[in-house]
Structure formats: structure tokens, C-alpha cells
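Several structures are given next for inspection.
In the two complexes below, chain A is the common chain; its partner is chain B in one and chain C in the other.
Take a look at the complex of A and B:
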């Protein structure tokens, strides 16, 4: 599992735990807003945490569409490489 | 005993912003503020209060705003960010038909985009902290009532009230409240350009028969930051001596 993927999975679990939600299964295909009990502010929290962790902001140049974990991982890995 | 709460005030080096900074310090908050240039008042307050810090920042510049919030939070160390007062603003007068686009662009960049950029950075801190928080936008009665020669200013302040209502809806579930304070005509540097005729006209039309002072506004700011205001959000509090009544 890549570092980014591991961070996204751990951070997502942490954000949900703070809401009193426990999620066991998060895969590359998991969609944030439909498969998980997340709302848009939870997703914003994840993005802020990712920026702090990686120092990268793939959204600096504008909106980027992503729905699932794999697509978010790809956004960060495409900047890193 | 200082409160363990950090408040950021934009444009706190003079006028209403300076009054807000002083009032928050007197109420025990840790306060950081910014402006383009450092005034003597900022140096004096830094000498008196260890829980106060000034930073240079051009509000309206997104990168400078991000850097300012980062530096201010680093300065505050383990005192969590509790609130931002979006106070920085400029006023430029002239009928729109002859008002240079460059001037209205600059005004909107500071008064509206500047507040939006600062709110964005502060909201990101609140999310990181997983904390409640307060945002207070200093708008103006000019935003709702308009004033001849202040079209761009009026638009910027009306925009601020819209920003307040939208952010209140967006962030309420995180216990982050967002409110506007709309002062009437204040006796500050910003109103010093009013002609004596206009000034007297405003005073005549104001039920309280005077211009407002900074001290008329600051208690509302401290109230909105208090526990008693936890359920107030998306509102505009008008403080104008009754002129818009």
C-alpha cells in the first residue's frame, strides 16, 4: 500500500471515528460521499490533513473531480512524480 | 489571566480594527493582527501585551493571507485559534460612471475577496483543530442601504453579508458561527472625508443624533465571541444609532 493511500485510509477512519462512526473496509473503489458516512466538511478536513502531510495541494490550480479513494490517491501521486 | 483563545483581526492597526484589538486584549484574548504597514499603536500594544502580535500582510493577496494565518498560529503556539474578525477594508468615493475600474477592482479585492481568503484559511485551521470557532465580518449599513458615490463599497459590504449567510449554513454543523456586524456612520479616519454638510445631514437623520464611535461597536464583537452567542449564526447585527430604522 502506498504512503498516500495508507494516510488517506487512516485519516478517513480517524475523521469518521470522531463522528462516532466505525468503518472497517476502505478500498481504492470506496466512494467518499456515497459509501462512507462522510459529508463535504469531512472531505475538506481530509484534504487539509493531506496538504499538511504531503505539502502538496493538487487543487491549487482549480477544481479536480474525484469520487473514490483511488482517484484521490492518483491526484497526489501525479503531483509527487 | 489571559484566555486560552487566539483571535485574528484583519486591519487592526487603526480605526475600528484598532478598537477591536484593544477591546479583545482587555477581555483577555490572545490577539494577532495584520496591516500593510506597522503603526505606532501596534508597537505600543506589543510592548504592553505579550499576548499581542502584529504581522505585515496585504489583505486581498491570497498567498500573503495564507502566510499570515500560518505565522499567527505559529506565534500563538498552543493557544488554539478561536475566531477571526474580518475587519480590513478600504473606502473610495466617486460616482460609478466616472469611477475607474482599477479602483473598484482594488476595493473589491480587499473588502470582499480579502475577507473570503482569510475566512478560508481560518476555516482550514478550525478543521485541523477539529474545533468550534467564530467568524465575524465587519460589513456596513451601506451594504443594505447604499450611498451615493459608494457603489463599489456598497457592493463589497453586501457581498460580505452574503458570505456570512453562506458560511453560517456551510459550517454550522461544526459549531462554527459566522455573523456580520453592520456599523452605521462612525467617527473614524474612514469617515473623515465626509463633507461637513453630509456629516450634519447624517447626524440629523440619526435618532441618536450623533455619529457612532468605535466603542459603540466593540461590545458586539466581544459578545459574538462569547459563550452566550453560541447559537447565533448567519445574522447581521446593525449598530447605527437607528438611522436605518
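Take a look at the complex of A and C:
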């Protein structure tokens, strides 16, 4: 499992636990807003945490659409390389 | 008159209403005014339908109608003697204030441009100024309005697909959240109207990419001036040449912020601007009120409340930019008793509005300050 994927999974889990939600399995196919009890503020928290942790901001050049964990991992890996 | 000439249709929480469903109920004629609260109790029933009924009764009895979005205590010093609509301000710069508006001034002048009726999704709270404008717009143009005040953004996105919504009026943050919810299926949107916060180029481009055939506009308005201008060229900010023109009676001047001037005086909008070769771009608020997912949040206010907590020596509340909600509130807490401070902060934060709650909190012994010794607000 790549570092970025591990961080996304851990951080998502942490955000949900803080909300008092039960956390189910999070896979590459898991969609943030549909499959998990997350709202847009939770998703924003995840993105900001990722930036603070990795120093990477794939959205600097503009808003990009993503729905699931795998697509978000790809966004970070594309600028990491 | 208000609804009679309209073939407007409302679809709210699965129920369908037409103009003829709202007739004068007469029971309110002996009242001094009509007040409708937007809090939980009323939200169980169709709130927009209740608002329309209140307006119909208010007009017939010629008494004011007050839409009290968050159940504010009302201290009415001067109640207007005739029909008008009372709305509470967002309370950005102080306590929420009740302001009465004449229906004629609220009514949009836009008529329907095409043969087909537009189907609007109500993205704002119906008792906000912007929300009421969308409702009245749908009535004025005999359009269809889809509303569900209790639906979250994911549910609203789904509702837009189910009801085949064709027109959207939302803040850029709300629009971005909707785009994230629509995947393979999305509604065939023909009109997108953005307002309430900065419409940045990334968001405008994302809307164009998703809805290449839609008319896209972003609106600049302030509470004091109402709508000043509408930008329709799909570019962020507005053309520099507009500085030489007047819009809705207002001329624009640039200092650090955008100043609106008319014959009676001027308004400092507090909106910071940057000038490029041919555009004037908005860069943020001069004061420390930021827009988080469409809600206005006063950073210094939250900071002061944190500082007042036991074991907290100082605090810096700042925002981090992100593509989802525009800004996200974060806090740096200065304490020598970290564990005790954490406990105090964690107990306090759930009392704040979701948008105002610091999402990422760090603890330190000294705050990060700018070279001028000030607290840095934006990172």
C-alpha cells in the first residue's frame, strides 16, 4: 500500500471517528460522499490534512473532480512523480 | 398580483404545489403581522409552501410577513403598517438584524427567455435573501422550483437528477460540492448562477467543463447595495473597463478594497481586489470574515472565544484554502498545559456552527506570527 493511500485511509478513519461514526472498510473504490458518512467539510479537512502532511497540493492549478479513494490517490501520485 | 398570473410550480419534499393551491386563508386578517420560523419544527413540513401561503395572506391582509430563519428573538421597534417582507441579515458584522423589504424591490425583473420552463433547485436557505430571490425568480418566470430545506448536498444533488433540474443558483462552494456528487449521471443544466462568494476561475472552468452548453453567470452583490452587476463572460472578476461605467446606480472605485459610490454616499465593501491588465479580481475579505462552504465565519470572534477558555494562553484562528469549501477553519492553541487545554477546546468546539469549528487544531508554546508580529490568517 502506498504511503499516500495509507495516509488517506487513516485520516478518513480519524475524521469519521471524531464525528462518532462507525468506520467500515475503506478501499480504493470507496466513494467519499456516497459510501461514507462524510460531508463536504469532512472532505475539506482530509484535503487540508493531506497538504499539511505531504506538502503537495494537486488542486493548486484549479479544482479537479474526484469521487473515490483511488482517484484521490492518483491526483497526489501524479504530482509526486 | 403575486402568484395569480404565474403558472409556477413548486415541488417540495415530494409534494407538488401550483399557484392555485395558495389562496387567502383569512384567519390571519386580525393579526398585526405574520411570523414564520425556519427552525426544526416548521422544517418538518414544506417550508417554502408555508412561506408562499404567508406571503399570500400578508398581501391580502396588508400586514408585514417576517421570515425568522433561525428563530431569533424579535425586538420590533417599528413594525411597518402595511405588507412587506422581513428577513434577518446573516449577522456577519454584528447581531442578526431584521430588515423589511418591499416585495416589488425583491421581485426579479428577468422574464423567461426560452419557451421551456426552467426547473430550479433551491440551494440556499429559503429564508435567506438569496434563497427568497430564487423562489421569486421561479414565480416571476412561471418556472418550476424544487426545494427540500432538510436535504444535505448529496441529497440535493440526487434530487436535481430525479427532478431533471435545469437551472442552479448557488455559492461557488455549494456548486463545487454538487459537482463532486454528480458522477456518471448529472442533470442537463442550462443555467448556472453563482453568487455570495468569490467565483474563482477554477470553479467557473469546472462548471463549463461539466455543462458546456449552460449559460454561466456570477453575480456581485452586497447586503447594503443589493445586486450590483452580473458577469457573463465566464471569467473570474470583472472587466477593468467597467470601472468607468455605472451599475444599478453604483460607480466603482478601487482602493485596497472595492468602494461603491452613488449620489447619496459610498459603501466600502471590504472586498479586496487585485487589478490585472484587463480584469479586476476579488482576492478575499479585508476583515477577518471568511467564507467557509458558503457560510460566513468571523475568525477573530472564534479566536476570542478560544482564548477565553481555561488553560488556553493564546490562540490563532486561521484558514487553509481547499477546493471543496473554499476555506477551512484551523487553530493553533498556545498553552503550557496541553492536555488540559485539549480537553477544554474539545468540549467547546461542538457548540460552534459546523463551518466555524476549527477542523485541524495544533498545540504549541508560541504562536506563528507574521514578520510584522501579527497573527497570520490565511495559509
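Definition applied: the second predicted complex is superposed on the first by the 81 of 81 C-alpha atoms of A that agree within 3 Å, B and C clash if a C-alpha of one lies under 4 Å from a C-alpha of the other, contacts with A are read in each partner's own complex, and residues count from 1 in each chain.
As a convention for this text, contacts are C-beta pairs under 8 Å (C-beta built on N, C-alpha and C of every residue); 3 or more make two chains touch, one makes a residue touch a chain.
Computed from a predicted structure; not experimentally measured.
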- Task: Could you say whether A:34 touches chain B, chain C, both of them, or neither, answering first, second, both or neither?
- Result: second
- Counting only touches as set out at the top, which of chain B and chain C does A:65 meet: first, second, both, neither? second
- Note on the structure: Of the two partners chain B and chain C, more of chain A gets touched by chain C
- Message: Which partner chains sit in contact with A:45 here, chain B, chain C, both or neither? Use first/second/both/neither.
- Response: both
- Residues of chain A that lie at the interface with chain B and also at the interface with chain C: 39, 41, 44-45, 48-49, 52
- Query: Which of the residues in chain B end up touching chain A in this complex?
  - Reply: 123-124, 127-128, 130, 170-171, 173-174
- Query: Where on chain A is chain C touching in the complex?
  - Reply: 32-34, 39-41, 43-45, 47-49, 51-52, 59, 61-67
- If you look only at chain A, which of its residues touch chain B in the complex? 18, 39, 41, 44-45, 48-49, 52
- Message: Please output the residues of chain C touching chain A within their complex, sorted ascending.
- Response: 152-154, 173, 176-177, 179-181, 183, 201-203, 205-206, 292-293, 320, 322-325, 328, 330, 354-355, 359-360
